[in-house]
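Both complexes shown next keep chain A, but they swap its partner, so chain B is in the first and chain C is in the second.
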Partner chain A sequence: MDILVVLEDNRGSLHRMSKEAIAGAQKMGGSISALAIGVNADAMAGELSGVDLTEVITINHDLVSSYNADGYSDVVSQVIKSESPQTIVIGHSYQTRDFMPRVSAKLDIPFIPDIISMDDGIVKQVLNAKLNALVTTSADQVILSFQSATFSEEAMVTGSCLARSIEVNLDSSIVRSEAEDPFQEDAGDVDLESAELIVSIGRGIEKEENISMAFDLAKVLGAEVSASRPVVDSGWVESFRQVGSSGQTVAPKLYFSLGISGAIQHVVGIKGSKNILAINKDPDAPIFEIADYAVVGDLLDIIPKLIEALQTEKDL
Partner chain B sequence: MIEREVLELDVLFVGAGPASLAGAVHLQRLLRESGQNASVGVLEKAGEVGAHSLSGAIVDPRALRELFPDKNDQDFPFEAEVSEEHLYYLTETRKIPFPFIPPSMNHHGCYVASLGKLTRWLGEACEKDGVDIFCGFAGTELLYDGDQVIGVRTGDRGIDKKGVQKQHFEPGADIHAKVVVLGEGTRGSLTKILLQRHNLMDERNPQVWAVGVKELWQMPAGIVQPGYVAHTMGFPLGHDIFGGAFLYGMKNDIWNLGLVVGLDYKNPGVDSHHELQNLKTHPWIRSLIEGGKMVAYGAKSLPEGGWYSIPKLSISGAMLIGDSAGFMNGQRLKGIHLAMKSGMLAAETISKALAENNFTESKLGDYEDRMKSSWIRDELWKVRNFHQGFDHGLFGGLTNAGIGLLTGGRGWGFKNRLTSEAGHLQLEKGLKKDRYKDLKFDGTYLFDKVTDVYHSATAHEEDQVPHLHVNEPDICITKCAEEYDNPCKNFCPANVFEMVPDGENQRLQINFSNCVHCKTCDIMDPYQIIDWVPPEGGDGPTWINL
Partner chain C sequence: MKIAVLVKQVPGSETALPILGNHNWIDEEQVSFVMNPPDNFAIEEALLIKERTGDGEVVIVSMGPARVQKVIREGLAKGADRGIHLEEDGQIQTDPLSIAKSISSILMDENFDLVLTGLQSDDTGMGQTGVLIGEMLGMSTGTLAMETDVQDSAIRVKRELESGWFQWVKLPLPASISIQSGLNTPRYPSLRGIMGAKKKEIKVVSPSDHQTDAISQSIDKVFVPQTSKQTEMIEGNADSAVTRIIEILKSELKVL
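Up next, the complex of A and B:
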């Protein structure tokens, strides 16, 4: 086995970033196995039955029926030891950040996290995304995690694969925590880092009353809502929605920027976006330097019409 | 009642700058030599020593040589010895060399240095010597027993923007010490309280400040000559604003380009950051940075008042050193050696006070006597009227300084002491000429303020009470808007203050997370209603090489 892709269960189905990780692994080439853990392992394997992989390994053990860091790091370590993949790849999600460093430390395998490109070697951002660093490793094995949208899930090569269930020995004493049922609360239902579509609000929204307009747009698009610092600072949206150097880093397929000027502090948080659409009154706003689609105009006029048009489209 | 941890020390320095660190090293040595045992600590609000240190800097090695008699200059963390020096008068397009460099501005035998590197090096020396440096803890309150200072309280952590305790709330600690030495740097927040409470500026000239803004430029190899030094007057400030530019060659192909702007200008529209951008439109400066990349930005105020603005230095239980006491030679553009020396002199007094277990005002007053018979006095006395002369513009200031050279520092050749007014009182009301209407930020050589701020790598926990207390915010939207058009928008080199539309009116938006801790707002606000207090410990710029 050349590559092991560790999959993530997103409430019964495969996490988008896991599909992207598979696409990335396929691009790297070699024999690829995927690892599905938990009560939904078979369902995830089923989702991949039409994908070009050597196999999907499934593990369903009581102690890892749902995610917990102790169990996952032990199970993943066991599989790495027994299967000896050269490269372990995974999406750079919250879950990955929680357990993968433990695997790395436990097995003494270097972990290169949050990679943004594999085109010319391993590239990751450093110093607040000010620089890109080319990283190399001389170790025999390496763990890589990909930032959201580094690869496209559509790029997954179709084919066939087998499913193989394996047993693991897990000592209940190592699992020190037990997950309750997943629930949604506060930041819990806003996963900006893996969001595919984001509507982001800047100071151009002018008033708190206008915020709902952005949420309406997000709703019809099926997008998450984020904001720049001044909007959060004014208390108009929750602080977990802040994007930029003092907030979150996002990489959606489309970043819909509403009235954001594009100061560098904000831009470092959205650099990874595949497409940026910006609406701003000021034609000289720096956001237009990085926008793929630029609309110069008053968002307060444009958004209602846009919502209406999208709604009509949807209803058809 | 919040229960606080109490830490007992013998001596506490507040602020890990050159004054405190030199003082702590010297004190440890004196204690060793006299067979005393005492605990010495240093509080530092930055996450690491040096991260909030910024200076030009050209360092006179005198104090370092005294502090480390066994070392050579080559052992000190300098960039390079001054190898070539120039003094120019700039017009908008030309540069005119001064016919000669006055001896007081001669930097021969001095070294181009990064204060951040120097303080890191001194910090290591301290730790090797057994001094405890507490990084990431700001002193926010002086603790008293009657009129005697008995310690410092550090800032609470984990309070949200409404002032409510968050889940991870952690109360500050009370650090008790027999002597508290305030080496907070320029316009220290505890220093400000101490000066007022004990009237330590009585009979002194009010302190006057300047603000220095600077950028580091990474140049292609072979352009920068380490040790190259140029100072300029004239453009972009003109004749009515005190100050000038500096350009120093550092190691590793880095230009250190900066501008000092006196905080006693008249036009409320003056913006030190914009002046620095204007400076780079000068063809000579522009040619020097051609092909380079701006890699770091910072700003810091500096005390320019000189000898007559030095406060009374000791009270019971507390002393003032370094920039907190105004030890800066405005004419030589140097203060690091004076700061270090002041810390060392304070250490000599403290060592004696510890031996006698006497920390009264009269005992600690010994420090002021030592200062007055040291070379600090010799150096500052000669230039005691330097800054005051510039109240009469550039040529007035230069004339006064020139005559001063011949008369041992007398004002205009005859007056022993020239008085001065606080800088913020110089601001004139009414709309003034927009100095920056032709300034266009190109993103390559000229940068808008927030882009520069990004390069100061400053960061603050966003969910905390803004550490810039505006005591009467109504003044901002009424009186100040009318009289001065809110100069905070301009004098802050980090875009902390903004007036934003609020319905029909405007409101003050405080972007405190941009703050680079220069203290200019606290100094220059015309109504003196801004109080700069430390944010959560560890917050602020992350300067490495400034």
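Up next, the complex of A and C:
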């Protein structure tokens, strides 16, 4: 086969990033099969019955009924050895980061991660997204992971495919980890995922005492408040306000970012925003590449004036 | 408890990034370097584990040209015991597999209980080295640890998942774990620590003693991102910026 797409189970159904990976593989072309592992493998295959793929290979062995790095990396390696795909494709999720390098090392196949484009060669971001890099390999096989939203699940080409279940040999000694059930921490009472207006705070806010100006701005706009990771890590806002790969994914009509540089792990959480207005002191901040409106300036100077002007507008 | 912390020296975030004439990387001669910010959390976690378990050794490991000794010394100044410097004599290595093979060949005989890394590097951002090395050395692996809990011959890690989810996983030692940023507050080195660091050992391993020839992937060129996005740059002072922003909010986005 040309391409093997390794699927991820998102609490019983196919992860969005797996669908995006399929769309990406279809765009690359060739014969494509998908691999579903775990207790929900058949359900995931079922979701793909109307998609243009050669087949979905399903594996449900006791030792990989739920995710673990040892079992998954062993099973995926076995499938790669028996099916010999030229390219292995997967979404760049936290799970992928956890086990795919194990496959890379087991099989000595290079893993090119977090790809943002395949149009003109393999492109990933480097140096905190300040530059892009064209990556090449002369290896016979390669593993590629796609950054969230590089491809769109809506672009999956329809067709039909069947599922084929296969047996794998897995010794219990292979799985050394003991995992507990995943859990969510304090969810808070703020629904960022469906918020239409968001004011988001980055490190550029500089001090905890400046945080209130962002909340004041949000109040006068009728917006929710979110923040980038460093602000949450400093304890200046609650963790449920975090936006990014580890936090919430948002898609507001307006994402108003204050002093956020635009690091990759943050940007993947805001790619769905209809409009981005960014204020940052650094003219080279990566956030300006995805912003619709860019203000190079000092937010500590601008925001108080903006709040005052907005109050005046409101009173008119 | 013997802990290796893999650290990297990377271009600082404030520094301009001039691209080399042949475009295949940035001109490192013109750039100022810092400890890879995520690595600070890994160093701190190693020191905390050493303090909690009451004994042990923390070894700072870094690969690169002579200048990387600076970040090794930073780790030593914070409280690590010794360092290992894998010398590189050419341009930055960007192939995770060969980097991991080099480092594994040197770590192998030391039988570390734990190998800790930051979540990824701020230069190439491949995010694999710790897990590759874990596999190569037959260790169990875990990533994005938001909390660690060392027990008898095992370590429990609280893995960070997406969207505010977490999962505790217990892994037998030896283990290679990547540390998520923000799980601790990295200490500053004391003056005494800085002075003491000068006397601590840094073993230097020459390129011929660790370098593997086979490169499995490489960066052919770097370039400034071209975006098809139309971005309006709002210029001028704070007052004119405010005026334009109000206009955008009112008339273009209609959110007022």
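Following the convention adopted for this analysis, the second predicted complex is superposed on the first by the 188 of 316 C-alpha atoms of A that agree within 3 Å, B and C clash if a C-alpha of one lies under 4 Å from a C-alpha of the other, contacts with A are read in each partner's own complex, and residues count from 1 in each chain.
Here is the rule we use: a residue touches a chain if its C-beta (ideal position, glycine included) is under 8 Å from a C-beta of that chain, and two chains touch if they have at least 3 such contacts.
What you see is a predicted model; the values in this text were computed from it and never measured.
In the superposition on chain A, contact is made by A:Asp98 with chain C only, not with chain B.
Greater residue coverage of chain A by touch, when chain B is weighed against chain C, goes to C.
In the superposition on chain A, A:Phe215 contacts neither chain B nor chain C.
Contacts of A:Ile264 after superposition on the shared chain: both chain B and chain C are touched.
Across the two superposed structures, the residue set of chain A contacted by chain B and also by chain C is 128, 229-230, 232-233, 239, 242, 245-246, 264, 286.
Taken in their complex, chain B has these residues touching chain A: 443, 450-451, 453-454, 457, 459-460, 462-463, 500-501, 509, 511, 513. In the complex of the two chains, the chain A residues touching chain C come out as 68-70, 73, 93-95, 97-102, 104-106, 108-114, 121, 124-137, 139, 142, 176-185, 187, 196-197, 221, 229-230, 232-233, 239-240, 242, 245-249, 253-254, 261, 264, 275, 277, 284, 286, 288-298, 301-302, 305-306, 309-310, 313-314.
Every residue of chain A that touches chain B in the complex is listed here, in rising order: 128, 203, 206, 229-230, 232-234, 239, 242, 245-246, 263-265, 268, 286. Partner chain A is touched in their complex by these residues of chain C: 11, 13, 16-17, 19, 26, 95-97, 100, 122-128, 131-132, 134-136, 140-144, 159-172, 180-182, 216-225, 227, 229-235, 237-239, 241-243, 245-246, 248-250, 253, 255-256.
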